[in-house]
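Inspection log for the structure reproduced underneath, given as structure tokens.
Think of it as A, B and C in the order they're written, each chain with its own count starting at 1.
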Amino acid sequence: MAQGVNIENFSFWYGPTQVVKNISLSAPERQVTALIGPSGCGKTTLLRSINRMHDLTTGTRSEGRITVGEEDIFSAAVDPVDLRRRVGMIFQTPSPFPHLSVYENVAAGLRLHGLARGKEIAERVEACLCKAALWEEVKEHLHRPGALLSGGQQQRLCIARALAVEPEVFLMDEPCASLDPVGTMRIEELIGELKHDYTVLIVTHNMHQASRISDQTAFLLNGEMVEVGITKEIFLAPQDPRTEAYLTWKIG
Amino acid sequence: MQEIRRASYSGTREGLFHYITFLAALGLVALVLGIFFLVTMQAAPAWRAFGFSFLTTSIWDPMHNEFGAVPALVGTVLTAILALVVATPLSVGTAIFLSEMLPQRLRRPLSFMVELLAAVPSVVYGLWGLFVLAPWLRTGVGQFLTDHLGFLPIFAGPSLGIGVLTSSLVLAIMVLPTITAISGEVIRGVPTGLREAMYALGATRWEVITRVILPTSKPGIVGALLLGLGRAIGEAIAVTMVIGNANLLPRSLFAPAQTMASLIVNEFPEAFDLHLSALLLLAALLFLITLAINIIAAWFVHRPSPDATATDKESVWARLLPKGGG
Amino acid sequence: MKNIQKRKALGALFEVLCVLAAGVAIMVLALILYYVFRRGVAVVNFSFLTSLPTPVGVAGGGIGNALIGSLLMVGLGALIAVPVCIAGAIYLDQNPASKLAAYARFATRVLSGIPSMVVGLFVFSQLVLRTGHYSALAGGVALSIVMAPVITLSAEEMLRLVPSSQREASMALGATKQQTVFRLILPGAAGGLIVGVMLAVALAAGQTAPVLLTALTSRFWLTSLAQPTASLPVLIYHYATSPFADWQAHAWGAALVLVAVILVLNVTAQVLLGLINRRR
């Protein structure tokens, strides 16, 4: 089920501006890969390239290869709509659909892809909410609007919603940026669970978070990859002076 | 704060300045109250004379001082609703096309053009309806409908080119720019995050439109439609030009009819006493109906959404201002 | 699992319907402008713009008196509405939370929703019937009521855009409220106020019912504010509904002039607004 992500010599332009410069990175399956770096370093752009979110914006251009499993995502045989089902994404701001209940938010993807029918839907919704560690908190009010939950609950609802369509990879774009410490902790615990079944790529500003949850960390600066390696090694003994500067400035 | 306020009253010029602006603001309130009370006061004799039978009888006979507004009421409601039936798919479709399917570069000028057409005066829409649309409905489409669908009561009788159908179409064209502009604004106000969340689940663009964008902007679109309805109900000149002005219950879409506003336009010069009062009663009803519709519309447009992504209320209000018409 | 090709095809189908709707809507609206232009251009020339109407069957004739009448009544309307509405907007801006401000805002919004025909009948029954004659003055009053909400609401919005930091700085320098309004807020919002007035003028210029019911029309040059007065929209209405071909042709000519003026006003206002926003 889980698939690794392989990025080879990938570059990306917004109009004339190059924001990702010839990056190669391999995110092994069932591991958490953290992308860190200062604002504007291209980490979010890189993340959003993996599910071809940029196809929705005009004036963008990319070069290089990205594969999910064995498949080149830019090949003509790959439909971006189908790719996005296989590569789930969690955004910086929790975005439950405001017009739908908790239940319907999770069922949205099931209905979209016709993945379940009738009673099956209810079972799948419950399973996904359980997996997202939200079931106990919402089982009494499944039919209330999802937007009425707390920020952290909303984000877990979004994870449940993404789980429902059976993705192979999870992309997370600063999922805790708008959450309080308790909400953040719950999401981090959840990511620890998710990596048993999925490949996770996470963009984060929070160095502590990267060191706590990731197996592998990549440090980006000005669109270039400065360093990538096992998280512990990167944090304890960075090879590149720029990484060290960033980490010490950030941490110390 | 208290200190500053007191200080501002100290100088007499300051006091005068405050007083003048205060009077101006009061004047605006007084104007609306004045219009409402003077119109209803002058409408009162007709209401006393006929009461509810004004709203339930069909004879409108100024010669014998008998006034029943049913044909005008039916004509007003019928043309306005038909106009909305035609305008809704066109304007919502256009709004979707402009906001969701066009690249930004083309969207700006095209939306601007559509909005600009809201400023074209209604008499020009009436002129076009009378000399371009009406002949076309008389000969081309009208002939076709009478020949092939004439057995249906709604297409019974000869198509004269002017009547209920023509008025409804002219009204539909008139309200189209307004509904399109407001719906477009509401649609563009849907947070990018929601669109992206749906795309990220593996939805096609159309699925994003129907499952996220339209449901979340539904209140705003309903508000836009209500505003269009209010405008269609109050429209006078364009309708007067193409409805045929026959104070009868329309028997088919081709039949001439009358609306409340067109009745006033046609009869105000010769009206006095009870007749005038009856016309003012129509005006008072128009006032109340459009007021109610506009208040409900504003409530829909401004209804707080559950996730507090409030759009700029004032700019939406600016949209509610009339641009053309009259 | 639903077939993705099927879903895409269905989406494409409905998207085509949207394109069609937009095509129809834009085409119809373009068609209206096209007819106004084509039929109007055939009639409009210098003497059309400057002569009096002629009786049926007499060649020539134009819209000179209607043009002047419209200009005068719209000008009159602006003369009444602009000072009152801007003063009102200053009150709303200076006392945003007061009770009167809330009532005035609501009143303005109600006013903007009243059919202009009702405004016309109101002025007809209050001014025309009381004075005993249709007049340019009554027309101007009716148009001022039509313009009032546009000017007030746009002015309030424009005044509010003057940042509070600047206002506080002015007050801190010891300026009174009045000085702050006249030296800081009004000059700062001037461009926006002009845009609002232009839009109101464009709206008023196209009004038929309020003018028809108050100023009626006239075949002569204007000599006094107290007599019936011709205007472009009413002339279009009368000529269009007349049975005479040459009058009908003149209606198109007048429509071209009216639409041109209104569109130019609107486009200029939008361009101005764009400039103001860019500078901010």
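In this section, a contact is a pair of C-beta atoms (placed from the backbone, for glycine too) under 8 Å apart; a residue touches a chain by one contact, two chains touch by 3 or more.
Bear in mind the structure is a predicted one, so any value in this text is a computation, not a measurement.
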Check A-C against B-C and say which one is joined by more contacting C-beta pairs.
B-C
Measuring between mean CA coordinates, which chain is farthest from chain A?
C
Determine the centre-to-centre distance between chain A and chain B, using the mean Cα coordinates as centres, and give it in whole Å.
47
Note: chain C sits from chain A at a C-alpha centroid distance in Å of 52
So, what's the distance in Å between the C-alpha centres of chain C and chain B?
17
Contacts with two or more other chains, residues of chain B listed in rising order:
204, 207
Could you list the positions in chain C whose residues touch two or more of the other chains?
7-8
Multi-chain contacts in chain A, i.e. residues touching at least two other chains, fall at 81-82, 112-113
Residue set of chain B touching chain C in the complex reads 4, 7-8, 11, 13-14, 17-18, 20-29, 31-33, 35, 38-39, 42, 89-94, 96-98, 101, 110, 112-114, 116-117, 119-128, 130-132, 173, 176-177, 180, 204-207, 210, 230, 233-237, 240-241, 261, 264-265, 268-269, 276, 279-280, 283, 286-287, 290-291, 293-294, 298, 314-315, 317-318, 320-326
Chain B contact footprint on chain C (complex, rising order)
7-8, 10-12, 14-15, 17-22, 24-26, 28-29, 31-33, 35-36, 39, 83-85, 87-88, 90-92, 94, 100-101, 103-104, 107-119, 121-122, 124-126, 129, 145-146, 148-150, 152-154, 157, 160, 171, 176-178, 181, 199, 202-203, 205-210, 212-213, 216, 233, 236-237, 240-241, 248, 251-252, 255, 258-259, 262-263, 266-267, 270
Per the contact definition, I'd like the list of chain A residues that touch chain B in the complex.
51, 53, 56, 58, 81-86, 88-89, 91, 93, 95-100, 108-109, 112-113, 145, 147-148, 158, 161-162, 165
For a test of understanding, state which residues of chain A touch chain C in their complex under the given definition.
79, 81-82, 112-115
For the complex, give me every residue of chain C touching chain A.
1-2, 4, 7-8
